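Okay, so chain A shows up in both of these, paired with chain B first and chain C after.
Right, the complex of A and B next:
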C-alpha cells in the first residue's frame, strides 16, 4: 500500500516534470522555427526574383547587359550601365558630402555637448531621421532644385536645370546623416571613461584624445555606421526618382541628370509591368541591387572584423 | 471605487474586437467591381463609377498603379477591369487581354505664362516642325523660334521620367507622319525629366523659359475650365501659315474639347484610352462597360476628356458584344 502511494507520488512529479520539459522543448522549437522563417523568406525572395528574371537572361547575357548603355525597353534594348554608373556616382558623392558632417556632429554630441544643448541637438537629429524621405524630396523640388539650377550649377559653368546627380546626393546626404550620427554617437559613448582619463592624464589635449584615441577605438562602430548609410543611399528610391531627372545616359558631370537602379524600376514599373520581357528586366535590376547590397554587407563585415583586431584597446 | 474589470480583460476585448473588425475587412467587403490601372483615365472612370453606383446600386473600387499594373492584375484575376492609358501591346493580347476604347484624352505643349515670346506663341502658334525642333534641341533659344522676334533666353525642355503613354504619344506626334521619337529618345534629349504630370506642371511654373507637355486637366482649371495658374498651352499651327481663327481654340477647356471632338486637334497627341479585361468582361463588369459605351459617354466631358466619335463608339460596342 505504502509502495503504491509512493509510486503515485513519483508519477505525479514525473508528470509535472515532463510537462515542463515538453513546454521547454515546444518553445525552443518555436524559436528555431522563427529563426529559420527569416532565412526562408530571404531565400524565397531571391529564388522568386531569379526565376522571374530568367526570361531576360535567356535572351541576353549578363555581361552584355551590364556593359551596354542602350536602355530602350520599347525596342527590347536593356543596357544597365548608365543606371549602374548613376547609382555608384550618387552613392559616392553622398558619402563624400555626408560622412564628414556625420562624424563631426557625432563627436560634438558625444564629447562636447552638455546638458540641454545635447538633448536639444540629439532630439532634433532623431526627428530628422523620422521624416519620410518623400518629404525631403518635395521640399528639395521647391528649394534645392531651383537653387542648384540658378546659382550653384552656373557658378561651376554648367547650364543644368537643377535636377541631377549633385542635387540627389546633396539631399540624400541630409537624409542619411542622422542615422550615421546616431550610430556613431552610440559607439563613441560606449567607450569606457578610463580611455579618456588615461589619455588626458598623460597630457593629451581633448582634441588629441578624440583624434588619436577615441576615434580609433570607436572606429569599427563608426565605420559600420558609414557603411549602413552607404547601403541606404544605394537602395534609395523616391528621392532619386523625384530629383535625378530620369535620363538613361552616362552622366558626364556632377550636375548632369542620370538614372539609378531603383529609379529604373520605379519609373517603368507602373506602365510596363505587364510586358513579360520588361517585367523580367525590372526584376533583374532588383536582383542586381540585392547582390550588390549583399556583397557590400559581406565585405563590410570582413573589414570590420579586421579593423577591430587592429584597433584594440 | 473598485473596478470590476481587469486591464487584461479590457485589452482582450479590444483585441478580439479589432480582429473581428479586420475579418470584416477581409471577407465582408461588398465591392462588386474592382478596377485598377492607369492614372490618366482614372478621373473619368471614378466619375462613371459614382454615377453608375447611384443608378444601379453596384459598388466599385477604383485603384491606380499605372496601366501595366492594371493589366497584370486583371490577367491574374485580382481585379475585374483594367484602365489603360495606352493601346494594348501585342504581348498583352497574346496573354488573353481584351480591350475596348472608352474615351479620348488630350495632351498639349505647355509653356510658362511669362515665356519670353508668349505673345507671339499665342498669336501665331507653333507648327509641329517648330515643336519637334524645340523638343529635340535643334532650336535652343527662344529667339530662334521665329525669324523676326527678338529674345535671348535658352530653352529648357522638360519631359517625363516615368513611362507615360502621354509622353509616348507626344513622341509619335513630334515625329510627324510615318515617324516617331521613342520615349527614351525624348527623355535623353530633354534637360530634365519629372515623375508625373503634376511635377512637370510644377517645373514649368517655376521656370519662365521651360517648355513641356501636359494633360489638359493640368492646363485648365479643373472646376472652372479656365486658364489659371502659371502654365499656358501652345497653340498648334497645323498648316504652317499662322494661327487661323479655326485653329484658335485654346481659351478654355470647353472650346478645346470641342476642337478635339471635331477632329481639329490631331491624334496623336490626342489618344484613345481603353478598358480591358481577361477575356470577355463578366457580369456586373460587362454591364458597366456597356453603360460606359452608351449612356456613360455624355459625362465624359465633365471630367475633362473627349467622348468617342459616333463611328468609333459603335465599333467599340460591337467589339464588346462579340467578345475576344
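Right, the complex of A and C next:
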C-alpha cells in the first residue's frame, strides 16, 4: 500500500522528491538483504559443514563413531566417545560448581546490595565477563594447575599433574558465572516490587520471599540462563585446550586428563591438512557442537515458555 | 533452625558467593597486572619489536606481529560487522518486516549468539578449503566479523526496540520516508548502539578460537591481506605452555595489554553512552 502511494507521488513531482524515494528504495533493499543475512548465515554454516563432513558419514555410521572409544585418525579409527564423555564431564562439573555461586550472587545483587555497593559489584562482574578467556587459562596455568597437582589431587589420593577435567571445570565455572549472573539479575529485577511487598506484608522473611515468590517468578529466566551457560561451557575451546592435558581416553577420575570435542579439533588440527577423512572428521565435530548448542538454545526457549505459564504470578 | 536464622544464613551465603566472584576477578586482574606490567616496565621494547626468526625457540624479538595482527583483523571486522548488524536490526523493526519474520530471525540470531566461536573458525576453514586458499588475515577478518555479528545485532536490536515510539511517530508525521525515520530511531538509540558495537569489539579482540584456524599462528609480521597473521589471544595461548620463560613472560605482557584494552573499551562505552544520551528524548539516562 505504501508502495503505491509513493509511486503515485513520484509521478507527480520530480527532482528532490524522487531522489528521496530512490534512497528509500535502495536502503530498503539493502536492509532486506541484511535482515535475511541473519538467517542466511546460519543456514550457510549448517549446510557447508554438513556437506564437508559427508565423506566421513559415508564411511562410518554416526552410532558407530559415537559409541567407539578408539581415536586413531591415522588408522581411520574415529571414535568420538572419549571426547564426548570429556565434554559432558566438564560441562556437568562446571555447572555443579558454578550454578549455586551464580544464583547466590544474583540474589545478592538483585535483593541485598544497595547503592554504591551494587554499582561497584555490578561493574566488577562486567569486567569479569569482559576478560578474554585465554587470560583465565594463563593465570590458571600459573595458579590453579600447581595447586590442584600438588595439594588437591594428592588429598584425594590421585597422582595427577594438575591438568585435567577438574581444573578445566573450576576455571570454566568462573568464566561462565558472570554471564549467568547478569541474565539472572535481569530476570529478578524485572519482577514488580508489589510481589516483594505482598510477600513481606503477610509476614514472610526475606529468604522465604526469595525462595517461594521471587525465584519462582524469575525461574524461567534463571533456568534459561543456566541452560545457556551450559551451552557456553560445552563449546568452550581455549581454556580446555590449555588445561585439559589433551589425551584421548575416557577419564576415570575428575583429576584425570582428557579431551573435549573442541579440544579434539584444536589438537588434531595439524594433521587435518594432510588427510581428507580426518579433515571431514574434525568438521563433523563442529557439526555435533552446533547441533547440541542448537538443542540447548531451543530447550531453553521452550522451558522458559512452559515455566512461565506454570509459575505465573 | 528457625526461619530467622535461615534468613541470616542465606544472606551470608549470598554475600560469600559474591565475595568469591569478586575476589577471583581481583586475583586474575591482579596477577596479570603484577606479572605483565612488570615485564612491560622492565622491557617496553617488546611491544614495538617484530619477532625474530628464532622467536618460538629463543624468544628473539617482541610481539609486534600479534599487536598488528589484532588491529588489522579486529578493526576491519568490527566495521563490516557494525554495518551489517545495524542494518539487520533496522530491518527487524516492524516498519520493514513482519512481526513473524522478526521473531524467526531473532531465534536464529539467538542460536548464532550461543554458537561456540570454534564453530565459526571451522566454518571459515571449510571456506578456505573450498576456495583453495591458505590461512590469512582476510579469513581472520571474515571469521571475527561473523562471530561479532550476532552479538552486535542483538544489542542494537534491543537498543532500537527501547527507543521511544514518539520519535518514530514524529518523524513519520512530518512526512519522512522509512529510511529517514530509521536514521532518527538509530540516533535516538545511539547510546545502546554504541555500547553494542564496543561489546562486539571487546569480544572480538579477546577471542582466540575463531582466529586460530583462519588467520593462523604465524610468527612473522603480516605483509598483506593474504598473508598469515596472528592475534594477541593466540600469542598468549601459544606462549603460555612454552618451556621458554621469556616467552611465558611475553604472554603475561600480552595479557596485560589485552586487559588494559578491554577495560579502556568498557570505560569508553560508559563515557560515550553518557555523552550521546543527549540524542535520547527525555534527557540523559545511560
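Just so it is clear, the second predicted complex is superposed on the first by the 277 of 313 C-alpha atoms of A that agree within 3 Å, B and C clash if a C-alpha of one lies under 4 Å from a C-alpha of the other, contacts with A are read in each partner's own complex, and residues count from 1 in each chain.
The definition used in the following text is that a residue touches a chain if its C-beta (ideal position, glycine included) is under 8 Å from a C-beta of that chain, and two chains touch if they have at least 3 such contacts.
These numbers come from a predicted model, not from an experiment.
Q: If you stack the two complexes on chain A, which partner ends up touching A:141: first (chain B), second (chain C), both, or neither?
A: After superposing on A, A:141 lies in contact with both chain B and chain C.
Q: Now for A:187: first (chain B), second (chain C), both, or neither, which partner does it touch?
A: Neither partner.
Q: A:289 in the overlay: touching chain B, chain C, both, or neither? Say first, second, both or neither.
A: Second partner only.
Q: Is A:268 touching anything from chain B or chain C once the two structures are fitted on A? First, second, both or neither.
A: In the superposed model, A:268 contacts chain B only, not chain C.
Q: In the superposed model, does chain B or chain C contact more residues of chain A?
A: Comparing touch counts on chain A for chain B and chain C gives C.
Q: Look at A:160 in the shared chain and tell me whether it touches chain B only, chain C only, both, or neither; answer first, second, both or neither.
A: first
Q: With the two structures laid over each other on chain A, which partner does A:169 touch: chain B (first), chain C (second), both, or neither?
A: Neither: A:169 stays clear of chain B and chain C.
Q: Taking the superposition on A as described, I'd like to know which of chain B and chain C A:242 touches: first, second, both or neither.
A: A:242 contacts both chain B and chain C.
Q: By the touch definition above, which chain A residues appear in both interfaces, chain B in one complex and chain C in the other?
A: 141-142, 241-242, 266, 269, 279
Q: Chain A touches which residues of chain B in the complex?
A: 38-39, 65-72, 75, 85-86, 89, 91-92, 95, 97, 154, 156, 158-165, 182-184, 187-188, 190-195, 199, 202, 206-207
Q: Which residues of chain A touch chain B once you look at their complex with the stated criterion?
A: Interface residues on the chain A side: 71-75, 141-142, 146, 159-164, 241-242, 244-249, 257, 263, 266-279.
Q: What does chain A use to touch chain C in their complex?
A: 20-21, 23-24, 27-28, 30-35, 37-39, 41-42, 45, 48-49, 52, 100-102, 104-105, 107-109, 111-113, 121, 124-128, 130-139, 141-143, 174, 177-178, 181, 205-208, 210, 228, 231-232, 234-238, 241-242, 262, 265-266, 269, 279, 282-283, 285-286, 289-290, 293-294, 296-297, 301
Q: In their shared complex, at which residues does chain C touch chain A?
A: So the residues of chain C in touch with chain A come to 3-4, 6-7, 10-11, 13-18, 20-22, 24-29, 31-32, 35, 84, 87-88, 90-92, 96-97, 101, 104-105, 107-112, 114-120, 122-123, 125-127, 129-130, 146, 149-150, 153, 177-180, 182, 202, 205-209, 212-213, 233, 236-237, 240-241, 251-252, 255, 258-259, 262-263, 265-266.
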